[in-house]
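Two complexes come next, and they have one chain in common, chain A, joined by chain B in the first and chain C in the second.
== the complex of A and B ==
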């Protein structure tokens, strides 16, 4: 595996995970950017534990994920059912606080960061292959659970909150509990991504965890489609890989191109490329393909809707 | 309607967050006789296979230090333009490939992972966070990096695959600060330090220089990276009643702190020493006449009067609305010329089949290059850094630097 392919695949996986961590709380209409702060905290935690205390990778990964979940849970007790704007402000504040602490505390390497994080195994190529397997295993696992959630009663309750919070409450749904659950889960994914990222890059710096990072995750989510988890899988490899193939003269314009692309998508297809209706249609085709039912039958139409 | 408002809010938020993102001189150097003979033999037997020499430059052309990146790029491209006008490198034209990392270690890492596949040599990365992330990849794969604007300490970590155009910070700065402190009669000093990159290390070297001159550092006043008001910092420093002040922080902050110090009664401007990294346009535009009399040290001398420097300076001013070349402007200009000399003297052909061997040739040659004819002075490298590069002390007067001392290492 070439180095370029390794970084392309590995960083794509990180963007998928991080975009999903924004997707989850957005199921109830919350933009939970704190997940980027969770990523930074767990990345630094893993770097310190590995370098100074020689913790093994599995332990660091578990601890980093739990750290993310615990931080997310603690904050969710206060903002579990807060409106979108409040959650955005809390997220930005946490990112700013985390960055300031990291930049000013010597043990975190200041504005420069921490580098030379050890490999999981000694062989460079073996380490790369192992990391790709681990990272995509967690992408698969996370995707599996998100898919289960989307199809569950809890997922439908989250959709109801997204459409109208009052109706959801009248049906007996508790927005705070669902909000806390989704924020905690999102923060755990953020923490896990931070640890994986630190081991992929073998170094971390405060420059990784900027508002730019949120911008890219949100672009992936909203261009791919915010109403299902599948849009992220389509948009992450394209949007992250896009600057890599830009000609030299256009490289400096990639952020502008991102912005323009986003505006065009939001104007032409506000729900993003992959919508829930589209996913439903694909599932119906799959369901009925073996039963010889004509797609035009009224019962099929109803099912598709 | 609610949905549309929600979407508009999200799109504006995304755009907001995304946008926060931003001469002529022949190399007439002569090494030892044997080296010359070997080089001549190599050149005679080697046949260049490339039609154009492509030198990638991992630079910051967008983001927070895009301004600095632009003039580093300008220096490299100006050198390439001159070299091409004189017949290129070993008869073939040279092109500087622009690679923008936007100061993102992640982008730097990915760009470097592509370059290790086929690049002969790399210029950059810039600055330190990108160096720390990307150079280990180059070092592991045997690709030589011209980290020409970073301190020796960062490049030394990846020696022999990274080169610095600066000598070890502690040794060199100590001598310069000692010389200045003795001349200025420094007794009790306060130092303003910003915790960024190599700056704390430079502050440490300043302190050693002061101690060697018999002066004492009363306190290091930390300048926060995101500081917006500087009065409290000036008050904190003056409360220690110092007779000398040294700066190791961002150019604009230096200027603002000096203005605050003067507002609070500081008069002895010759007892203010500003470090080289603050020798930037922001220092002079923000500080104006308030800086008159302050001393600044640097590794380059903008008052130099040689045809080559004058031509460089004229071209720089022409392309930068009359601004003088900044202190780091010559670094990548010199890097391109050093690569030219290495290719020509070692007989590098650019043959992809000999990539590893030719990378190593360039690395070995540049790490210990003899009497390199740089834009400002001739120097010799020892172990990947310049062993005899001078350091200059200037007095600032009305935005101009007047040379007061030149320190040449023994």
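== the complex of A and C ==
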């Protein structure tokens, strides 16, 4: 496997995971950008534990994921049912604070970061193949659980909160509990992605965890479609990949291109390319072997999108 | 004690900038019903336009006029985009306007970091900042610059004019009526679109004046300044209670004073982090603000 292909596949997987981690809390209308701070914290944690204490990869992966989940849970106790803008600013503030600490505390390597994170196995090509297998195993596993969640009672409750919080409460749904659950899950995915990212890049710096990173994840989510998990799967490989085939002079403008794409999609098709109705139609065709079936009428207009 | 007094004055000047930005942000939220996260980014863009015009023409007045015009233009040009989304309110929630605004912010910030001055921070000439003339008031460690006095004075005058406009004029009543209940405002004959556009123009003007004041006070700007201001203004508005203009005034001034006091005793990078940490603690404790939201929860 060439180095270019390895990075393309591995970073695509990271963007899928991170965009899903933004997708989950957005099921109840919260933009939980704290997941990027969780990613940074776990990436640095895993690098330090591996370099200084020789922790094995499975242990740092588990510990990094738990660290993300615990941080996410602690914050969610305060903003589990907070309005979207409050969750946004909490996320931004956490990213800013994490970045300041990383840049100013010596053990984290300052603005240059930490390099020479050990390989999982000694062989370079073997390490790449193993990492791709591991990363995509976790993409599959996360996707499986998100799919199960979307089809569960809890997923339907989340959709109701997104559409109308008051109706959800009158049906006995507890927005705070669901918000806490989704934020904790999102942070756990962020933590896991951070550890995987550190081992893929084998070097991390504060510049990797910036507001531009959020911008790319947000573009992937909204262009792909924020109402289903499948939009991310479609958008991540294309959006992350296409700047790589642009002429070198244009590659530096990738954030402008992402921004323009995001604005265009919000103006023309705010629900994104893949909508929930579209997914439902595909499922009905599959289930009823080509018989024309009218999709079940969704409980409301927004949830259907 | 001297440091404390000097930093207090500095804090008032910085605070008045936050007040102007938070007022513009809240006005757009109340009347146009959008969360314009990129409003401070557009203000920083206007600072860059001012800098270009001053560099090209050597004329400070041209720079000031250019900065104000560009802020109004950006606001008016982006207005149709936000209105387009707001027309679909039945199927699109208010958060979409925030995401759209973030997208616009990404574009502006990246353009600034690639084009103007080859991506390096810009420095305004002394003819604008007045730094060459030294401090206006100087006593021991206390040194108050012309920029600080000008920012504070213009900030106070603008806030007073704005509040007079909001509470004493016909257009102000229309703004407040829409903020209170857009449907009832429409019923009594207030044109929502036209009034909304007026709020874009007014906040554009406010943004332009803020850009000029920031150029005078800070003397420099960088591409990342807009994002940082955006976070602070959103935090100020949340702590004050989103849409709460009086609350924004109080919290904006308090944040400015807090920041200046921290800067007096801590290194640069940590001082910003400390003020962010304080804001984070307040938001975690009161996610819906100290002074109460001026919008119903369902609307946000």
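Just so it is clear, the second predicted complex is superposed on the first by the 288 of 305 C-alpha atoms of A that agree within 3 Å, B and C clash if a C-alpha of one lies under 4 Å from a C-alpha of the other, contacts with A are read in each partner's own complex, and residues count from 1 in each chain.
As a working rule, a contact is a pair of C-beta atoms (placed from the backbone, for glycine too) under 8 Å apart; a residue touches a chain by one contact, two chains touch by 3 or more.
These numbers come from a predicted model, not from an experiment.
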Partner chain(s) touched by A:222 [first = chain B, second = chain C, both, neither]: both
Which superposed partner A:166 touches (first chain B, second chain C, both, neither): second
Partner chain in contact with A:82 - chain B first, chain C second, else both or neither: second
Touched partner set for A:242, first chain B, second chain C, both or neither: neither
First, second, both or neither for A:110, with chain B first and chain C second: first
Contacts of A:97 with chain B and chain C, given as first, second, both or neither: second
Which of chain B and chain C A:288 touches, first, second, both or neither: neither
Contacts of A:136 with chain B and chain C, given as first, second, both or neither: neither
Those residues of chain A which chain B touches in one complex and chain C touches in the other: 29, 31, 84, 88, 100, 103-104, 211-212, 215, 218-219, 222, 252, 255, 258-259, 262-263, 266, 270
Residue numbers on chain A that touch chain C, as the complex places them: 29, 31, 75, 78-79, 82-86, 88-90, 92-94, 96-97, 100-101, 103-104, 162, 164-166, 211-212, 215, 218-219, 222, 252-253, 255-256, 258-260, 262-263, 266-267, 270-271, 301-302, 305
List of chain C residues in touch with chain A within their complex: 35, 81, 84-85, 88, 90-93, 95-96, 98-100, 102-107, 109-111, 114, 227, 231, 234-235, 238, 242, 269-270, 272-273, 276-277, 279-280, 283-285, 287-288, 297-298, 300
Chain A residues within the chain B interface of the complex: 2-4, 6-8, 11, 29, 31, 84, 88, 100, 103-104, 106, 110-113, 115-116, 124, 201-203, 205, 207-208, 210-212, 214-216, 218-219, 222, 243-244, 248, 251-252, 255, 258-259, 262-263, 266, 270
Complex contacts: residues of chain B adjacent to chain A: 3-4, 6-7, 9-11, 13-15, 17-22, 61-62, 97-100, 103-107, 109-110, 113-114, 116-117, 128-129, 132-133, 136-137, 140-141, 195-197, 200, 224-226
